[in-house]
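Next come two complexes built around subunit A: one with subunit B, the other with subunit C.
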Partner chain A sequence: MKQQAGAAALSPANGMTRGNRWKPAALKTALMLAPFVVFGLFLLFHNVNPVTLYISMIQSTFGDLYGFGEVLLKATPFILTGLAAALPAKAGLVNVGGEGQLAIGALFSTWFAVFYLDAMPAALGIPLMLLAGALGGGLWAAVTALLKVKGGLNETITSLLLNYVAAFTVGFFVHGLLKDPNSFNWPFSPEIASSLRLPVVNGTRLHVGILLALVLAAVTWYVLARTRLGFRIRVIGSNRFAAERAGFRINRTYFWVLVAGGMLAGIAGMIEIAGIEGRLRASTGVNYGYLGFLAAMMAWNHPLRIVLTGFILGMISVAGNTLEIASGLPASSVHILMGLVLFFILGSGRRSS
Partner chain B sequence: MKTDHPVKPAYLLRAAGLTKRFGSLTANEGIDLEVRPGQIHAILGENGAGKSTLMKMLYGVYEPDEGTVLMDGEPAVLYPPSRARAKGIGMVFQDFRLIPAMTVLESIALAVESGFALRRKQLRARILEVSRKYGLAVDPDAYVWQLDLGQRQRLEIVKVLLAPGTRVIIFDEPTSVLVPQEVEKFLDMLDKLRKDRYGILLITHKINEVLACADQVSVLRAGRMVYQSDQVDSGDGDKLISAMMGEKTLNPVTKQGMHGEEREPILQLKDGTIRGDHGEPVLEGVHLTLRKSEITGVAGISGNGQRELAEVLFGLRKLGTGELTIASAVMNDASTKEFMEAGVTFVSEDPIKESVIPGFSILEHMILDGIEAPVKGANIDWARAQKLLEDSEEARALALADGSRRADQLSGGNVQRMVLSRALIRKPDILIISYPSRGLDIGTTRTIQQQLIELAKQGTAVLLFSEDLDELFKLSDRLVVLSGKKLLGPYDTHETDVSRIGERMLKGESA
Partner chain C sequence: MMIADILTGAIRSGTSVMLASQGELISERAGVINLGTEGSMLCGALGGFAVTVWTGNPWLGVLAGGIAGMLISAIHAFLVLACGANQLATGLTIMFFGMGVTSFLGRGFVSEQIVGFNPVPIPFLSDIPFIGGILFNHDPLTYLAILFVPCLWYVLFRTRLGIVLRATGERQEVLFASGINPKLVRYLAVLAGGFLAGVGGVQLSVAFTHSWVENMTQGRGVVAVALVIFASWMPARAMLGAYLFGAAQALQLTVQQQGLPISPFFLFMVPYLLTLAALLIVERKQRSLMPESLGKVFAGDGAR
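Presenting the complex of A and B:
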């Protein structure tokens, strides 16, 4: 070792690193812009001027308070379901179940809101409703976690398949036990009490859910980066053999990390109900779990970066509406853009830090 | 197979001024080297001296930053490995790159055959011919997973010999996986290759082998050639060691007053059956007693149940039948955590796979197991942990690299230092340690050996797995041998010798 250090001191080998330093940054910028260029070609093909379209997309999201509020509104569930994927990912697990965990969280919180919390003041009712959402998401994730820990089943597969079960379960309830008696037979739940609705910023639909998402992202980051528990989780995720040899109880961690992820997604479901929709529909939060998974991948599962990637995905979602109005293309065309963004980010390889 | 050259230079390969840098680290600087037909050129050096880097440049894994390689009198570009192979350079790696689900024939076909169809018959004939010619016994139809390490190595060698045009063969620490009897055969084979005018590069840190077979010897230290000679005499041992070590002095390993008396048993395994990964019995009827202040050595060809036995004694694998007790407490169903609480520490046989956590620093590895993590709120007090690490005598004695360095970027030897100092810091009651000197240079090997002896003197029961019989004899009070699903012994090291143990390793009880 001493000798290696000596050899290092002798060598004049620092010349090449400086010249190459700007290269990664330039490459990163190029990779960030590339999806917009490719999507621009697609737009040109449809006789839409990409430049004017991008400008109007930016205006619709940053141009006024309402638009910006919409972006934050969309970003909220993406951040939470992103965390639901990222936290288990740190322990080496792939949780694709944010979608179902969100749905069951929404179901639980609606159920509690409609049947038990109806007459409660906001200060008590909203936290209880939040807990109900977390409980629902956590229980749903616990199914996957139990199958993983007790049965050795792959959590990627089970969490994915349970998404469909969750969607049908929500459908079952909104068509039956939870159907609004005054809905003229439409499949949705009764509206929750107005006292249970989240406070809203004037002039927008933006509610306090985004603050909750930011706090939970910060907490997740803190736990992972700055606590013994987080250290253990990261060890297990990085090398389970080493964790085993250090005497860690791996299965127990697997279980609780998945459940905690499910709770985060369940909270996203509660926020959708209490913040935006006010009642449960079969369509509540559809695809948010998958987009959150995308946000987590784009952020390489870093909890704070998920805030950023969730925000970007929120922006693209909102801009989709503009795209429809301004260009006549269907709003779902933005999914192409989202796909391209992910594609280029994954293509850029593992984090270079 | 081999091509004859009309204009015959005296060498097959001549490297001049090879230099390779990794960032600010110069791994090789200005290396000159010649490989001649029909000669064995031994390359000696400690860990991190730059042996592997040099070989990887010659095999085309790395592109040299400076310097040239001449082959057939012309400059040759060897990067990437496909070019090196096309120029007739073959390499037998230390960690074999084989696919367990393939047969020997298929593995060889993968490397040797070109074209679409697999001509089994023809290839089989060629395999058998080469294996007969050089005494390389391999069964073409055996699956790779069935082979022990010695057989895998022979397979690799056959592969290299059958590759078209091979004339330079690089062996990377070839004898580290072999028992003494196999080493002899290996040296015989090298001799035959030499007679057939292959150029051979032999990387090793075993001086005796160099003295036994090499025609030329080069010693690397800190990335430079510090010694080169076209002559190797049997009396050169000390000269070579001092060239490798430089200024450093070599501590002799001493062991005194440990022989004889019966000591108090601490761990006992009675009539144990130990199963492998697929539920098959690997060891049956195992009786093993570890005693305080005693080093028990485990000899045996790799793959005879060493890993499984070690894992059972640390709760990583459930004992099939039988009873395992530590200080009279039954441990059959205990978790790893309970084994740790009972005072057992474990050094895995494959620390790079099983101990190194990608992206984590050395300090973080030390906290996992070793240094008791100082608590600060919900977090670990990293500053104090760092201080504890700096103050640790064990870490200093083993010249552990800086605590902030990432463990996955360390060389194999430095990883070994890390897991060893971690185990020593714990001052365990029972230490299960596999291959402590694997990948370590002579100096560090002696330090770790001395530390194991000191640890035993202080009362630790040590179970030492090693593939190096000299090491086993030097350190152990008793030896057991794993062979043919049995644990044989214990044998008192003062009443047996290397060749008898070697016989038992190969032939089991009948020997």
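Presenting the complex of A and C:
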């Protein structure tokens, strides 16, 4: 009896009756499937059978441990750069600089690994390398943050422009000061010591980086949702004037959320070096920052949901390799699929928080 | 001699950014930020190049490139205006989508060669010492682009159309009162912006480099968006900013040709750092001049 009354009281608040409750769910499903249908038409147009291709994509990502490991590998930087966008977003800032912050984080961690941490045991060297990555990403984000707080510049434009500067900075180092002397003039850094490589799961390339990403996602969520600091960040993001009235130090918060975001992206850069590549190249982590930003958008900046959206983007990325092998289409065509997925998510109408 | 080279190069390599920034300016005057300008430029660069390869006629290339840029900006307009999507995220997705589409469709064009647009010196004017070579020895598309700037200024500030466009970005209530749908104005403004960014892309591939390279815009679309803020939403200042960017690009080429011992990577950075510095200098002025509703998508009662 009581329960019924409760349900009756709830349903008008939800604004929907049992009859049309399924409608939004059906619509959502249709919106999730639509990009794959559109991309399927695109594939048909290029004489590729979309059904067999989609099946082989799923097989390559879930079929065996190796494939699944690859998905988690790809998801790791997306989750971290997603957090780098989501944390400032909660304070009302748009950080599109994950790309550059990741690159500088990778640069710093490689620099330290090559010149200072070479002979160190893993237990000391890896954490120090991680700190170096966070320092690099944080410093790079601090430029955007300072220009925002002291110069009043829009952080979106600044962080985007600095991405290009970061890419050229990495280019400068791998062509010069950080070039491997034994590389026959190829532009990449020397390999870092094997003791600094992240431990790997047998039979895959999967390393412990994914665990770190999950922990950092949980910490970010906890800070934002459960602490006084997180509350302040959210108030500043949702109502600047209320925050001003309450005497919150807005500029200081702006500065530190951007720097913290940069550190997260910098850690992603370190993980790429210590976990996968082993050396810095100009191509290290290219586009990961943008994909992370989009993962954050897809998750409406919710730190835990970013784990899921980062995973989805990782799946699509790995499937891109299958696309190339199974159909002869270039791997870049997967960007088209990714764009379509995002268009449909963006178009599904919910405003970002 | 070197200064003349740099200034000539500034116009050569800055015109693509200039056109894109004029387009972005139209869009922002109507209250829509379009970071997808980068994507529009890429689509324009490839579309224009492809059609020039097929037909041999660069003017058809201009048309095709403009339409390609416009089509992709139509996605932005639809998602932002009809679905209420976040402008920055949508623009970024367009940029990404543009990279994907053009690197996929452009594979076959990487080794193609075209005649495209080439410099046509203007009689007498190009003989003026110093200035003549800098200003009057360019390709026809560049002349048109430069002539477009005063035209845009005139339309914006001296015609009814311009008043409607500016009012859309400032106070759409006024437009409602006069029976004009601000949403329609915004659609048209974003499409026009995409068209111009597309033509900017064509200038890059068909008139400047005469080639197609994957992701060849290298952030020029992002710079164009930044320059509009630097320009306080004024066409002539956006042109100035774009040619400043172009000069920094040209400086890099000149220094490399002279064989000066400066790392090319530092020179690559200069245009972007210059854009940042320019933004920093004008920051105080720009705020009061910003179109009021910029960044907020209009979703008033009468709109649906």
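We take it that the second predicted complex is superposed on the first by the 334 of 353 C-alpha atoms of A that agree within 3 Å, B and C clash if a C-alpha of one lies under 4 Å from a C-alpha of the other, contacts with A are read in each partner's own complex, and residues count from 1 in each chain.
Note that contacts are C-beta pairs under 8 Å (C-beta built on N, C-alpha and C of every residue); 3 or more make two chains touch, one makes a residue touch a chain.
As the structure is a computational prediction, the values presented were derived from the model and not from experiment.
Asks: If we overlay the two complexes on their shared chain A, which of subunit B and subunit C does A:R226 touch? Say first, second, both or neither.
Replies: Once the two structures are laid over each other on A, A:R226 reaches subunit B alone.
Asks: Check the residue A:P330 against both partner chains and state whether it touches subunit B (first), subunit C (second), both, or neither.
Replies: Second partner only, subunit C.
Asks: Once the two complexes are aligned on chain A, which partner has more residues of subunit A within touching range, subunit B or subunit C?
Replies: Of subunit B and subunit C, C contacts more residues of subunit A.
Asks: Taking the superposition on A as described, I'd like to know which of subunit B and subunit C A:Y290 touches: first, second, both or neither.
Replies: The second partner, subunit C, only.
Asks: Just to be sure I read the superposition right, which of the two partners does A:V94 touch: subunit B = first, subunit C = second, or both, or neither?
Replies: After superposition on chain A, A:V94 lies in contact with subunit C alone.
Asks: Have a look at where A:R249 lands relative to subunit B and subunit C in the superposition and call it first, second, both or neither.
Replies: first
Asks: What is the contact status of A:F241 with respect to subunit B (first) and subunit C (second): first, second, both, or neither?
Replies: In the superposition, A:F241 touches subunit B alone.
Asks: Could you say whether A:L342 touches subunit B, subunit C, both of them, or neither, answering first, second, both or neither?
Replies: second
Asks: Does subunit B (first) or subunit C (second) touch A:P181, or do both, or does neither?
Replies: The answer is neither, since A:P181 touches no partner chain.
Asks: Once the complexes are superposed, what residues of subunit A are shared between the subunit B interface and the subunit C interface?
Replies: Common to the two interfaces on subunit A: nothing.
Asks: Enumerate the contact residues on subunit A facing subunit C in the complex.
Replies: Subunit A residues touching subunit C: 94, 96, 147, 151-154, 156-158, 160-165, 168-169, 171-172, 175-176, 287, 290, 293-294, 297, 329-330, 332-336, 338-340, 342-343, 346-349, 351-352.
Asks: Taking the complex as given, what residues does subunit C use to touch subunit A?
Replies: Residue list for subunit C touching subunit A: 35, 75, 78-79, 83-86, 88-90, 92-97, 99-101, 103-104, 107, 218-219, 222-223, 225-226, 229, 263, 265-266, 268-269, 272-273, 275-276, 279-280, 283-284, 287.
Asks: What residues on subunit A touch subunit B, complex-wise?
Replies: 1-4, 6-8, 10-11, 13-14, 17, 226-229, 231, 234-235, 238-239, 241-242, 244-249
Asks: Which of the residues in subunit B end up touching subunit A in this complex?
Replies: 21, 23-27, 29, 48-49, 221-224, 246, 314, 316, 335-337, 339-340, 346, 348, 353-360, 364-365, 367-369, 373, 375, 378-380, 399, 401, 414
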